[in-house]
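There are two complexes below, and they share chain A, which is joined by chain B in the first and by chain C in the second.
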Partner chain A sequence: MEQSGTTALLQGAVQDLASGVVSALRGGDHVTVSGAIGEDTPTANLVLPAVRVLGADLLLPRVLFRSQPDLAELAVFRKAVESFPARADAAPAVRWSHWAMRRTLRRFEAAPDGAPGQDTAPDVDTDWLEGAGWQYLTHQLAVLAALAVPGEACAVTEVARSRPVDVARGFVRAVRRRDWQQAAGAGRWLTLLDGVPAELGLETGLDFVELMGGGDPRVALQIQAARVMRAAGAVA
Partner chain B sequence: MTSTRLIHSVGVRAMEWLWAHRDGFRLDVDVDPDVGFLERFKPVGELALICKVLLREGVAGSRQAELARRLIDHTWRDTLDGGGMLVRGQRIEPISPIPFEVYLAYKELGYSRPELERAIVLNHRLESWTSYEVAPTRRLGLSAFQRRFGLVPRPPEADLVDTTWLARTPEPWTVTTRIAYHLTHTVFHLTDWGERPEGLPPRLADYLATWLPAWLDDWLDLERWDLLGELLVVDACLPRPTFDERAWEGFAAAQQPDGAMPAVRSMPEGEPDEVFDIVYHPTLVAAFASVMATSRVLTELAHTAS
Partner chain C sequence: MLVRSHDKTFEEVIEIQAADVEAALDPAEPDGVYRDSRECAALAVLEGGGKLLLSPPTPRPKKG
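Take a look at the complex of A and B:
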């Protein structure tokens, strides 16, 4: 019971963080996580794990709107990265997710001259996606939706770019299964890909996923991220 | 690559079940008028259409072909009383399209009932017959059947294609079971039940080739064998069929040792007639999908060899 209770609390903490990101993506408040650290509340010790679960998307509004996180925000993010290193034998998606956080961290830990930190090469490859069926591919990409950021290419992005129709099929499958989290993640990827069949109706599809599953802030986060990226693409 | 033997064996077993249960294709002459005498004609018409496909494709083994021929003969002579029941149905509901829809396959196989044909030709002149309100895909089918019968289709098929769901190539994630049945039948009618795959416009073939994998995956996991079988027919009608291995293996595994194909999940329980009414259609579809896919596999082999 304690285990499941903790899991539920962690999920709640992740959702709270996601809600903050959604709000920031909508142009509202910025994400606040620092205040919870050190507080003597039952959920205070869940902040870092929750940041790790949400991953690089915690700072997504800063990335997309090109603003600088405040120092406390960045400190919590760094602490989560350092507290939960990805083991060498962890699943590739876990290692990529951790790498995405490290990349984001470097981006904001600018050199004194203001130049962004250099990305280091990821210590994980995309072999596990080689020859993957479109169902598994889409599932894994949705798990790694935090990597779907404009102008931030990596090996996973290249795999996604080479298989737009497969990801579109995965979106259809996820919607049919009412797996809104996966549908939203796949939809975010599709926003970035060329060669997505027009008849997919992606824009309406994203609205549909939000309508049906947007009560979950993690779903709303992906949808809002996709919208911001689409708008940025339209401007660019 | 899906085994041709597996695909073929699904059809062989389905035909054995259909032959063993041929008495299930029955009419109800004492039916409640509210239900309608023509209600029970649908299974007979579908059987005739599928048997015609089986004889046409010429890839069935001799046993299968013999069973198809005997089933056609049995239902024409016994169930339909040599076509007399179709005439009777037409007299009860003079402008119903059902007797015509059932009759066409028999006519194409050489059976004849001139009295019914006179009614069909007369109905074809009626505005009312042309205006009879049915789903767009069935209207497309009625015009296709008129062409096959030798009549000028009213309305022309070209005017009807765009009234179907499929022709609009809508958002593929909105497909429901009902929509999926409409789109499979649109493909059946556009291709004359698989006889002319080229009847499927390239635009629609591309759309289906893109999204069919997602739908096959879904209805396989839902264990909706009847619809999955129809989707496998659609695959076999495409310029480059995939013969989806996972779908075919799941479909074959769902088939019972005696050849019956459950409609959904597993076999229903009940009186023999009730069970027949539920499983005859998926079993017919299994025979249809098997013969179409086998035919396409062999065609591809022939092209590879030459």
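Take a look at the complex of A and C:
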């Protein structure tokens, strides 16, 4: 499908951010986004939209490695949350991704008494996933891979937990369709789920997805996230 | 006034991009492009002949 100029620019900006997250997940530098906001360049205006599209995963290294983002990093994240609110009639994936960012923001924004912020209930349900075919389920879970974080369950996590074999089937299908981004997202979910068939060969499958699609930083991000979580023995 | 003008421009940019952002957050599934033999070979090397569901389907005998 042909992309508009704006769409291509946005996707490029998202990939740049994703590269930074991959580097941080591999133990490199932390993600740098704040510097571009004040720049007077044509792409500076793409920073906030790109942060919104990458979503909660921007701060994933901070979550997985239990470190605190710096104030500038958090300010850009917050600005993206505020600048692109999810409309009430937006697609569930859009609303859940916004909730995931709000959850991450609350995690790092201390309450006045210094206690960590508490999650608030999502303003979106999982009705659209109830009874969904395994193909659609896997596609939607992959789109919402930022919700696949150890120890941070939500209603979408519960749906994924209840259908590990379907997600495994979706992973295989995505690989066979060469949809590396969907395969990587599904693989990240599978890393957190119990009941995944051992004969799937998830680890080898993730290696293969990285080999074939790892040139796309968004794919590399999901694979690296899965590896970090797997190494930590994480479960959803 | 300069600040207000700048804010207005920023809001317009945001508004223009909101649709792009939403589209990026809820992408349609792309058309499938199936694997070729080179990739099957790469997968076989990776797996080392072990068990994996990613192998092509077993050919079935033709009816009749």
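Note that the second predicted complex is superposed on the first by the 227 of 236 C-alpha atoms of A that agree within 3 Å, B and C clash if a C-alpha of one lies under 4 Å from a C-alpha of the other, contacts with A are read in each partner's own complex, and residues count from 1 in each chain.
The criterion applied here is as follows: a residue touches a chain if its C-beta (ideal position, glycine included) is under 8 Å from a C-beta of that chain, and two chains touch if they have at least 3 such contacts.
Predicted model only: the values in this text are computed from it and were never measured.
Within the superposed three-chain model, A:Arg26 lies out of touch with both chain B and chain C [touch as defined at top]. Shared-chain residue A:Val165: touches chain B; no touch with chain C.
Chain A has more of its residues touched by C than by the other of chain B and chain C.
By the touch criterion defined above, A:Thr204 reaches both chain B and chain C. Within the superposed three-chain model, A:Ala93 lies in touch with chain C and out of touch with chain B [touch as defined at top]. Of the two partner chains, chain C is the only one that A:Thr7 touches; chain B does not reach it. Judged by the touch definition given at the top, the superposed model places A:Trp134 against chain B, while chain C stays out of reach. When both complexes are aligned on chain A by C-alpha atoms, chain A residues 135, 168, 172, 175-177, 197, 199-201, 204-205, 208 touch chain B in the first and chain C in the second. Within the complex formed with chain A, the residues of chain C that make contact are 10, 13-14, 16-18, 20-27, 29-30, 32-35, 39, 42-43, 46-47, 50-54.
On chain B, the positions that touch chain A within their shared complex are 169-173, 175, 207, 210-211, 213-215, 217-218. Within the complex, the chain A residues that touch chain B are 134-135, 165, 168-173, 175-177, 197, 199-201, 204-205, 208. Of all residues in chain A, those touching chain C in their complex are 1, 4, 6-7, 10-11, 14, 45-46, 48-49, 52-53, 55, 83-84, 90-91, 93-94, 97, 135, 139, 143, 168, 172, 175-179, 182, 197, 199-201, 204-205, 207-208, 211-212.
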